[in-house]
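I have a structure here, written as structure tokens, and I will follow up with some questions on it.
Chain lettering (A, B and C) follows the sequence in which the chains are written, and residue indices restart at 1 in each chain.
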Amino acid sequence: MDNAELRTRVGAAHLLASYQYFADSGRLGPLVELFLPDAVFRINDDTNVGRDAIEAYFRSAGESFRGVDILPGRHHLSSIYVDPRAEGGAATYACFQYIGIRGLDHWGTYRDEVVEVDGTWRFARRRVTVEGFAANSPLAPVALRGPGA
Amino acid sequence: MDNAELRTRVGAAHLLASYQYFADSGRLGPLVELFLPDAVFRINDDTNVGRDAIEAYFRSAGESFRGVDILPGRHHLSSIYVDPRAEGGAATYACFQYIGIRGLDHWGTYRDEVVEVDGTWRFARRRVTVEGFAANSPLAPVALRGPGA
Amino acid sequence: MDNAELRTRVGAAHLLASYQYFADSGRLGPLVELFLPDAVFRINDDTNVGRDAIEAYFRSAGESFRGVDILPGRHHLSSIYVDPRAEGGAATYACFQYIGIRGLDHWGTYRDEVVEVDGTWRFARRRVTVEGFAANSPLAPVALRGPGA
């Protein structure tokens, strides 16, 4: 492993951890700056392009979390896999769990394209796939909660 | 920490993450190539020696997962501890959880001997210990499921 | 990322993983040596200063775990975020889950100040915040378990 690969692996993993840290500590400014100005951020079928749209998404998500009985909660980031690109940058894959006040609430994956700009790693593309919700999740889509939920 | 130790820590952690990524995305070829040709792969009391036996194990495990109501699912890899050996290579320890469609299904540890061959890290030995199953796990050994299960 | 930052990120993450490994394998001596002689170790409102007090805490915690029906169990460490200090050392943040014999038992965060002394990273301060317990946790504080528990 040469020095460039070493830096890519450590730098990309740090970017992914920073996202979790800023998201869970409510630091919206630094969180949005992890994305390139023209980044594409997808959560399941919802696509947000550019920092303004991404910030609006995070504001809305934050309200959803604060509007139900789930906090304090944390995103547990694991299985970080970094695949450096020959032309620079890297593709990444990782898993997450969201643990709220009652325990595991929902979970899924991140698939990203990340690049280094002036010594700082940023998301060019991030795709979040929520793969499941706990039976008692207050954040589960209405369609998943069944009649009367 | 000298350069050799730095590369060992990052390289060994990458090997462990690669296993998770290839296993959960069904990439059997690259998964088996993570092992040395004469590697020893143990899961609890089941020992598989060499790539053919290891591939057969993964094929069988994949069928078990696809045969029950558990997918999509992911191995969440955490607590990665790397202990470099003076003579080269490293011993590693890590924890995993398998999160399936209903949430946490089973969990345990990895204990490995890993080596670098021509710049690529591989498993010389991997020992998987499954330490527990959720009460509703469809993958729990029959003996653990109780009468009628 | 320069070499000093690279070493700090990898070294601090290794310190955090070592804590988990030594704690879960019952290696009390090496666990206590991860702390500076005058380190401050807080768990929620309980503050322990210095290695003797920290060792006494771990002995007591170990007895608590062995005194209930929870083992084998593991601390799953995730979301490791390292923030290097200009003057040396780093602040860190990470999440953990404790998975015992019945699954997720309790969870929370670590917030640390870590320093490198003679090539080895150690905790100057560690603050553990347990943020939640599973409904059936045998380790939940009596006050959380409700009447009759």
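By our rule, contacts are C-beta pairs under 8 Å (C-beta built on N, C-alpha and C of every residue); 3 or more make two chains touch, one makes a residue touch a chain.
Predicted, not measured: the structure shown is a model, and the values here were computed from it.
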Smallest count of steps, each to a touching chain, taking subunit B to subunit C: 1
Proportion of interface numbers common to subunit A and subunit C (over half same, under half different): different
Chain centre separation in whole Å, for subunit C relative to subunit A (CA means): 25
Junction residues of subunit C, two or more chains touched: 6, 10, 76, 78, 97, 104
Subunit B partner contacts - residues on subunit C that touch it in the complex: 6-7, 10-11, 14, 17-18, 20-21, 24, 72, 74-78, 97, 99-104, 119
Complex contacts: residues of subunit C adjacent to subunit A: 1, 6, 9-10, 76, 78-82, 93, 95, 97, 104, 107, 109, 131-132, 134-135
